[in-house]
Amino acid sequence: MTSWVDVICIIVVFLSLVILSNSRVTAMIRVFALQSFVLGLLPFFLHISGMSGRVVMISLVTIILKAGLVPYILFWAIRHVSMRTEIKPILGFGTSIILGAIVIAGAFWVSLSLKLPGKPVSDLILPCSLSTVLLGFMIMVTRTRAVTQVLGYLILENGIFLFAISLFDEMPALIEMGVLLDIFVAVFIMAIVVNHINEEFEKNTVSVGRSKMGETF
Amino acid sequence: MMNIIFLILAHWLIVLTLAPLFVGVITKVKAFFAGKKGPSVFQPFFDLQRLFQKNSVYSRTTTWVFRGAPIVNLAAVLLLSLMIPLGPFKAPLQFSGDILLAVYILSLARFFMIIAALDTGSSFEGMGASREAFFSCLCELALFMNFITLSLVSHSISLSTMIGADTSLSWNLIGPALLLVAGSFFLVILAENNRIPIDDPDTHLELTMIHEVMILDHSGVDLGFMLYAAAIKLFIFAGILVPIILSIHAGNPIVDMLIFLGGMLGASMAVGIVESTMARLKLNRVKNLLLIAVAVAFFGFVVKMWKG
Amino acid sequence: MERFFQLPWQVPFGEFSLKIDSLSLMFLMAIFILVFCAGVYAVGYMREYQGRRPMGLHIFFYILFSLALVFVVLANNVILFLGAWEMMSISSYFLIVFHDEKPSVRRAGFLFLVASHCGTFLLFLMFFLMAHNGGSMNFDLISHTSFSSGLAGVVFLLAIIGFGVKAGFIPVHIWLPHAHPAAPSHISAVLSGVMIKMGIYGICRVLWILGVLPDWCGYVLLMIGVVSGVMGVLYALGQHELKKLLAYHSIENIGIIALGLGLGLLGESHHMPYLTVLGFGGALLHVLNHSIFKGLLFLGAGAVIQKTHTGEIDQMGGLAKRMPVVSILFLIGAVSICGLPLFNGFISEFIIYFGLFKGLASLPLLGAFGCGLGIIALGLMGSLALACFAKVYGTVFLGQPRSPSAVEPWGKTSSWMIVPMLVLGALCLWIGLFPRRMASLAFLGGGYLSHTDLSSLNMGIIFIPLSFIISALILFIALMVGLFGMRRIFLKGLIPSVRETWGCGFSQSSARIQYTSSSFARLIVELVKSVLLFKREGGEVRDLFPAKIKLTSSIQDASEKFFFRPLFDRLTSLSKKLDIHSIRYTQMYLMYIFLYLIFLLVWKMK
Amino acid sequence: MLTILIATPFLSALAALLPVSRDFRLKLFLAVSVIYSLITALFWKDLPASEYNGFLVLDSLGLILLSIISFLFLSVAIFMIGYFQHEQRSNRTLSACVLFLLSTMTLVAVSYHFGLLWVAIEATTLFSAPLISFHRNQQSLQATWRYLLICSVGIALSLMGTFLLAIAAHDVHTLLLPALLKGAPLLSVNWLKLSIIFFIVGYGCKMGLAPTHSWKPEAYGQSTGMVGVLMAGVLPQCSFLALLRISQICNKTGLTGFYSSILIVSGLLSFVVPAIFILGEKNIKRAFAYSSIEHMGFLVLGLGLGGVGLFGALFHMINNALAKVIMFLTAGSIAQKYGSSRTDDIRGVIHIYPVTGIFMIAALLAGTGVFPFATFHSELLILNASIISQHYFLAAVGIICLAVMFIGIGKIVLGVIHGQPKEPLLAKKENVIMNAAIAVAVVLLISIGLWMPSPLEHLLHHAVTLIGAV
């Protein structure tokens, strides 16, 4: 079964690369949803043997939250605040791809010296999650808009989640807590952003296009 | 105790009598060079006597400083005169470090001269005061360098020892240094006592004067004190220079006295000759002359250091 | 002599241990004399601000300041010392900015605070280096350990800079000429009289702790002394503002003290106890003397400024007639600070001269040369100071009033202000005529500072000349009295007539024609104008009937103009630029984090 | 006991969310914080028993933080009453979030399990976010946004760290601190290293260490005084507690050198960065924010240097908190009086508001560590440690940065308090209650600086032994 896990890991990293190189918000959100969905499937492949209720629960919650709710909120947000206008990222397509590749290589290089203890799930987990984390980070750095940054953040979370899966039965209850809280953070971010932007619109008709701090919503 | 007092009085007697004569000789020499007969060498005494009998006039602006300055001045030079040896007569007041007292007593006198000049509130005397202050800075620079050299030569900081009144300086060893010292010291004498080429004691153009213009408002007794003090000061400086140059000790007091007097006579004639042969420098060139004196003194210091 | 005093004190590394020894005694005397006199003076001086300003705060900080001074001198523990030191700086800051509505005062105060604080930070380093070597925070215990010459050198340099800022060594003196004029006069008196001496005290204490130092330290101090002294007095000559001028004279006197200390160090490193004792002793005595006569001068200046409402020397004149007592007291101060005989300045300078001459005779070539330089510098300082104070006294108190502010009728100076000045003046005369007690105290201090016991030395070599000087001075006074009598006799029966000053042909010369202080100092200043950055605008007469012309002359402080100001401005502009660039985008922030993470991974996980 | 300590504020926060009067909320908050402080005071006598089979334990490290929390919230509660005498705005969100914050911070102080610790810190982030945007305007929105974004990144990274720690502790099978310490030899060092890196970056973001500091100036600049106190005084120190816990493990597993080298680097950065930015600053609160970054630098530096420095760092936790109370409450009251905290709008405070002016001076002195204030001692301890451990370069750079910081902050504060008085925008008179709240902190900080009470000293020493630095 580890082969499937490997495949999923590769897919996840690949999707993050896609998002990194992409510059259209809606497309990015969709790709993110896909990535989360794939991640949500991961527990099944990890534990094909004992299909415990916990596994199902975890993956379901993941898929519903990450692949369903969050993308929905994101879409809602961009519609609501009319953030259709595209802004090209700081880095162009080529550069981001190259940098991403370098980052991935670095991640693998770092995790050379680290072997997962216990029963070997898959030796790709750590490097892949690391590189997803870093890629998510890169997305946050290279994008100038709030939503895209949130997206980057969520990808970073995905990376961590991917890692968390691997210690599924090491630490009981830890992962769940973490994951849920992270999702909550993401939602919360959106909530506060949107909520405040509304108030801004109601209070003064000054468009929140580009504030003096160089943010764009 | 008694004999100390006696010594002091004797010293003062000599100084008080010889100092005006010294000035008189200078005037005589100048007259001779000018091809005139000139006043007698005792003329300064008569002047002083006349001034002492005169009434004095004071400016409304002045305060007690103006009246006090002459006293301080004369007292200072009289005290100073006790620190120099007169041939066989050793200096009654000599101790290690007396040169410092000497220099600073002179400065005290100068300070009061200057503020007395400023006291009158006249721009001319202010001018003179400013020049006096300026030139005296350079003079003291040269003076101190000479003292340093001399103290290195004589391993002492007591005036009489330094100028070789007790044990004659060894010219054959450190001749060059001593020569330089003597040279710069002579310039200092001319400057400190306001002689040509630095200043002209009997010019009558206020704009160019230094010392004379400072005492422009003094009259009567005060002026007398001032002039007497000036004469004594000149005498003292010469009395410092002479032993350095001819540092000979013929145990016999009479001979020593004669040597000393001869030296002083020579010094006065030297001053007179300089005054009558040289023209008075432009004021802004005076400082260069003094800087030369400083440089010469420093050169002497260096030479001494090098000789070890 | 040493007296200890212990109290329990619970702070990390701190112990409340006080100690009086011969070294701190000198400074303690200065503190008590001056703080007391200035306090009494303030009663009269501050009366006009009564109710218009927060007096309570001022008094509170004054008391705090005095306490801090005492503790600085008595502290025997690093933490206690540093604490007192900080209190001193802070409280004095609030004393300085009493007139905080004036921007110049605010700037001066801030400059002072910054300067002294930066100095304090260096002191932290220095003390911790010493304490680390000594394995204790107690001065006594540290002083018992031996220092490697390298460490000693480093500590010495740190002390020179850190304490030098407070003491006002050139070139780190920049705060001093601004702060002194800004403060109320009694405060400037205490600042200049006592607080900058705390810098000297610190250096002395460090020297005491370090013991014998390599001889280059001596040369360093000697050079600092020469430069600070000569430059200080030259700057002073160029000033038009009374208190600023006095401030620069403080720098000069600090230079003299540094000369003494340097001589002492040279003597110590060449094992010549006489030089050591003479140098240190002279320096310590000069500390006391300077605080007395500089206090007197500042108080006098305050009395003048209170009446004329201006500090501009060239606005004054003829005050001797309006405030005779003040004028005489100021004269005493002036004569003392010029180091002229009869007053205390001469005694300490004489001792230092004496030591320098001794060093000239006994030290090896380089040392002798240094001493010679020191002597020349001292002489130069003396004559320049003379010129400077002749200028001040002549322009402020003598001649005719130069401006209405110097003419208008005033009430008499309050006796609250006169009495402390009288005390200080009396002290000047007392030490000047009967120096033996104070001098021997100073020598005790010097001996203690250099760990040499005086009993093994024959102090006659200095005391005999001193006694000679005393007798000479008494003779001098007698002479003056006698001459005064003679003058009386000559003038008996004659009534001196009183006229106008002779205007050399000009009748009714106006007060404006008098020589001003600037024109008095001009000859000297122009000789060294390249050093002083002397600037002179206007003033040349053009056509045949010259119209009203204006002449301004000013000098600038090189180290401030060319080093500290530009440095600060550069830093500020840099920070502003960076601020703008880095605050723009959140991405920047995230990128910092990202790069930091990468950096750590690469650095640590390879 | 601990449960009560956590639950009480939580429940009262829920109560505060209900539509009740403003005064009720204020009184509620005051009451809670008074009770809270009393309970904490009891803990000084003897520490409570552990609860939830070792998940909640209060040791002396926790007690330090707990005392800080209690004092700060108490003074904020008092200040708040005075503050809202001049304010019309509703204090619903404010008081609710503050109370939530209180309970979550308590959780941080007492949680003995790394997962729980992380959750708690996460929660503090969530609840502190709405506080920043108390003034609902563009800038505060921006500030909140950044704060959330950066802190969430930090949180995420520290979660990663937690997971890595979990892997490292594979053979210990738990993240409970005592177990980890006992099973230290079993931990796999490489994973531990990786986790430490993530922890430092992650919690560093929360703590505001350079170069992850950048949310601080805006967040502090925008938040009102009381919020500033909590954000600057306690929040970072919660994360510092996490770092302390990690250092406990490092000292057991011989990673001290590894850990301290990183800490020293980030401490150095946290000295240099604010020193660069402070000189150009024109806003009081932002300036104070920079100084707080510098103080965080002090903390980690002390931790990194160990020995005397560690003692100093723990001592500095307390002093820094008190100093922050003085600084931010004073800045808050000034901002309320002048309607701005930009130096251009404020002049001659000491002439119009003498008391506030004096507090401002106190803030300057406390923030820059001048003698009668205890910060002086703790900073000296840490500098001394750097000399003792022969990091001379570090000491030199630190000194320079301190000097620059002093110049910067001094310029701002003195420029504000002195000068020709400028009429305040919305003139309000001095408020006794607000001043009382500040005065207590001032007196306390000075008295600690003048005399260190022995119980405090024992507590600190015990904490040092607990960390077990070599």
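Each chain carries a letter (A, B, C and D) given by its place in the written order, and its residues are counted from 1.
The rule is simple: a residue touches a chain if its C-beta (ideal position, glycine included) is under 8 Å from a C-beta of that chain, and two chains touch if they have at least 3 such contacts.
If you're wondering where the values come from, they're calculated on a predicted model, not measured in any experiment.
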item: Centroid comparison with chain C (C-alpha atoms), farthest chain; value: A
item: Chain ID, smallest distance between chain and overall C-alpha centroids; value: C
item: Chain pair whose interface holds the most contacting C-beta pairs; value: B-C
item: Interchain centroid distance [CA atoms averaged], chain A/chain D, Å; value: 31
item: Centre-to-centre distance between chain D and chain C (centres being mean Cα positions), rounded to whole Å; value: 44
item: Distance from chain C to chain A - Cα centre to Cα centre, in angstrom; value: 68
item: Distance from the mean Cα position of chain D to that of chain B, given in whole angstrom; value: 78
item: Interface hub residues of chain B, defined as touching at least two other chains; value: none
item: Residue numbers of chain D (touch at least two other chains); value: 145, 149, 153, 194
item: Contacts with 2+ other chains: residues of chain C; value: 586, 590, 593, 597, 601, 605
item: Pairs of chains found to touch, sorted by chain label; value: A-C, A-D, B-C, C-D
item: Contact footprint of chain D on chain A as seen in their complex; value: 110, 113-114, 116-118, 133, 137, 140, 146, 149, 153, 156-157, 160, 163-164, 167, 170-171, 174, 177-178, 181-182, 184-185, 188-189, 192-193, 196-197, 199-200, 203, 206, 208, 211-213, 215
item: Touching residues (chain side chain D, partner chain C) in the complex; value: 145-146, 149-150, 153-154, 157, 193-194, 197-198, 200-201, 205, 211-212, 214-215, 258, 262, 276-281, 311-312, 315, 348, 354, 365, 368, 370-372, 376-377, 380-381, 383-384, 387-388, 395-396, 399, 402-404, 406-407, 410-411, 414-415, 418-420, 449-454, 457
item: Parts of chain C lying in touch with chain B, wherever the complex brings them together; value: 317-318, 320-321, 327, 331, 335, 338-342, 346, 350, 353-354, 357, 360-361, 365, 368-369, 372, 375-376, 379-380, 382-384, 386-387, 389-391, 393-395, 398-400, 461, 464-465, 468-469, 472, 475-476, 479-480, 483-484, 487, 490-491, 494-504, 509, 511, 513-515, 519-524, 527
item: Contact footprint of chain C on chain B as seen in their complex; value: 52-53, 55-63, 65, 70-72, 74-76, 78-79, 82, 93, 95-98, 100-101, 103-105, 107-108, 110-111, 114-115, 117-124, 126-127, 129-131, 133-134, 136-137, 140-141, 143-145, 147-148, 151-152, 155, 157, 206, 216-217, 220-222, 225, 287, 301, 305
item: Chain C contact footprint on chain A (complex, rising order); value: 90, 106, 110, 113, 134, 137-138, 140-144, 149, 213-215
